[in-house]
């Protein structure tokens, strides 16, 4: 089956990202596909390339990137929720006159319509919050 | 329908979930939801005991294996969690 | 989405700043003559037909604190100006491309966030 | 319950307590702007968004009432809550925005099942 995941919990604040990653890897091991992970609400912080947890803790940003690299899972971040919270790509940083940025590929800023499309396209949508 | 509860049994999320659970629905308790193992009087167990599952990894992490065993609750691993989402077209998370 | 940084000036003498997408940085600077300047900035001349829609959108924002996406813009136009004008074809003919974004800009409002 | 194929957005968090109300409503607005049929169900603290006496936002905060009033412009016309949720906050239907429909508590499970998609905020 094709699954969509909606992640609304912030890294190192909520266990939701850990649960979602564990779920994602097991899904793939069981032979399912993941149509996309959509980050919304506090979940947009997962996309921050600037997170720097201690070496002996899971780096959630890196873990998402690895999931993408190994399985081409799209990592979509709600642009409105992200910009409000200071998560932005180089292009958005320029557009908003900011000196730095913290979101890079494979994370993509996208509209909320992408979440609705994911929900309609996938056989299952599972929320982690 | 499968209901995922990630908050403790005395939370607003848990109360709202209980109002929404129907006859053929299943419930999986994850994250803080596994604390329900400490509350045998929780409404969920009264109403839907046969269809409640606890995520084993979270049960162990929270130190609740004995509570689950002594109450004869059903723990499933993450494969079991995914199997539940395969069986139910609709999944709602209460958080 | 508005921003507090000025990217360029619509009118340097009046100190009217625009963001990179051409929206007013300071909404309170809007006036009918600023709207004319914003239109001229995209090589457009505002007719009474354009003005009617700009007023519909300003009223919408006044009431709901958000600029409308296409669907509610059509509905608001229909309510205010009648069924003949309350169509997406009519709005597209006046504001080709994306009417919600273009009218919001001319009306001195932030870009509609749910426009995608 | 007239749209068996529609989207139900459940709102369970109060205005100002978190951004979940706003981000939940945004989701409903975007779905509606795309032409998807959308209904809203308010449970628990979410009911606070339905009070007709809501005023302006606290200083620096945008109020949620204008967005509630705007829903009909997006053709989101059915707002639901449950009897049990109302009683828990000791509220009467007369204290809510005019258009809200109250479900009997025991109807809630079947009500959820009548939607093909649900998002819970």
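Order of writing sets the chain letters: A, B, C and D. Residues in each chain are counted from 1.
Just so it is clear, a residue touches a chain if its C-beta (ideal position, glycine included) is under 8 Å from a C-beta of that chain, and two chains touch if they have at least 3 such contacts.
Keep in mind that this is a model prediction, so the values were computed, not measured.
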Handout entry: Contact-richer chain pair [A-D vs A-B]
Key = A-B
Practice task
Let me have the rounded angstrom distance from the C-alpha centre of subunit C over to the C-alpha centre of subunit D, please.
Solution key: 29
Fill in the blank from the handout: Rounded to the nearest Å, the gap separating the Cα centres of subunit B and subunit D is 26
Handout entry: Multi-chain contact residues (two or more partners), subunit D
Key = 26, 30, 120
Completion exercise
Touching two or more other chains in subunit B are residues 92-93, 95
Exercise for the section: Among the residues of subunit C, pick out those that touch two or more other chains and give their numbers. Expected result: 113-114, 116
Completion exercise
Those chain pairs meeting the touch criterion are A-B, A-C, A-D, B-D, C-D
Fill in the blank from the handout: Per the touch rule above, subunit D residues touching subunit A in the complex are 7, 19-20, 23, 26-27, 30-31, 34, 36, 117, 119-121
Exercise for the section: Using the touch rule from the top, collect the residues of subunit A that touch subunit C in their complex. Expected result: 80, 83, 94-98, 111-113
Fill in the blank from the handout: As the complex stands, subunit B meets subunit D at residues 1, 12-13, 15-16, 19-23, 25, 90, 92-95
Fill in the blank from the handout: Within their complex, subunit D touches subunit B through residues 10, 12, 43-45, 82, 84-85, 88, 105, 108-110, 112-113, 118, 120
Practice task
Going by the contact rule at the top, pick out the subunit A residues touching subunit B in the complex.
Solution key: 1, 3, 8-9, 15-16, 19, 22-23, 26-27, 30, 32, 123-129
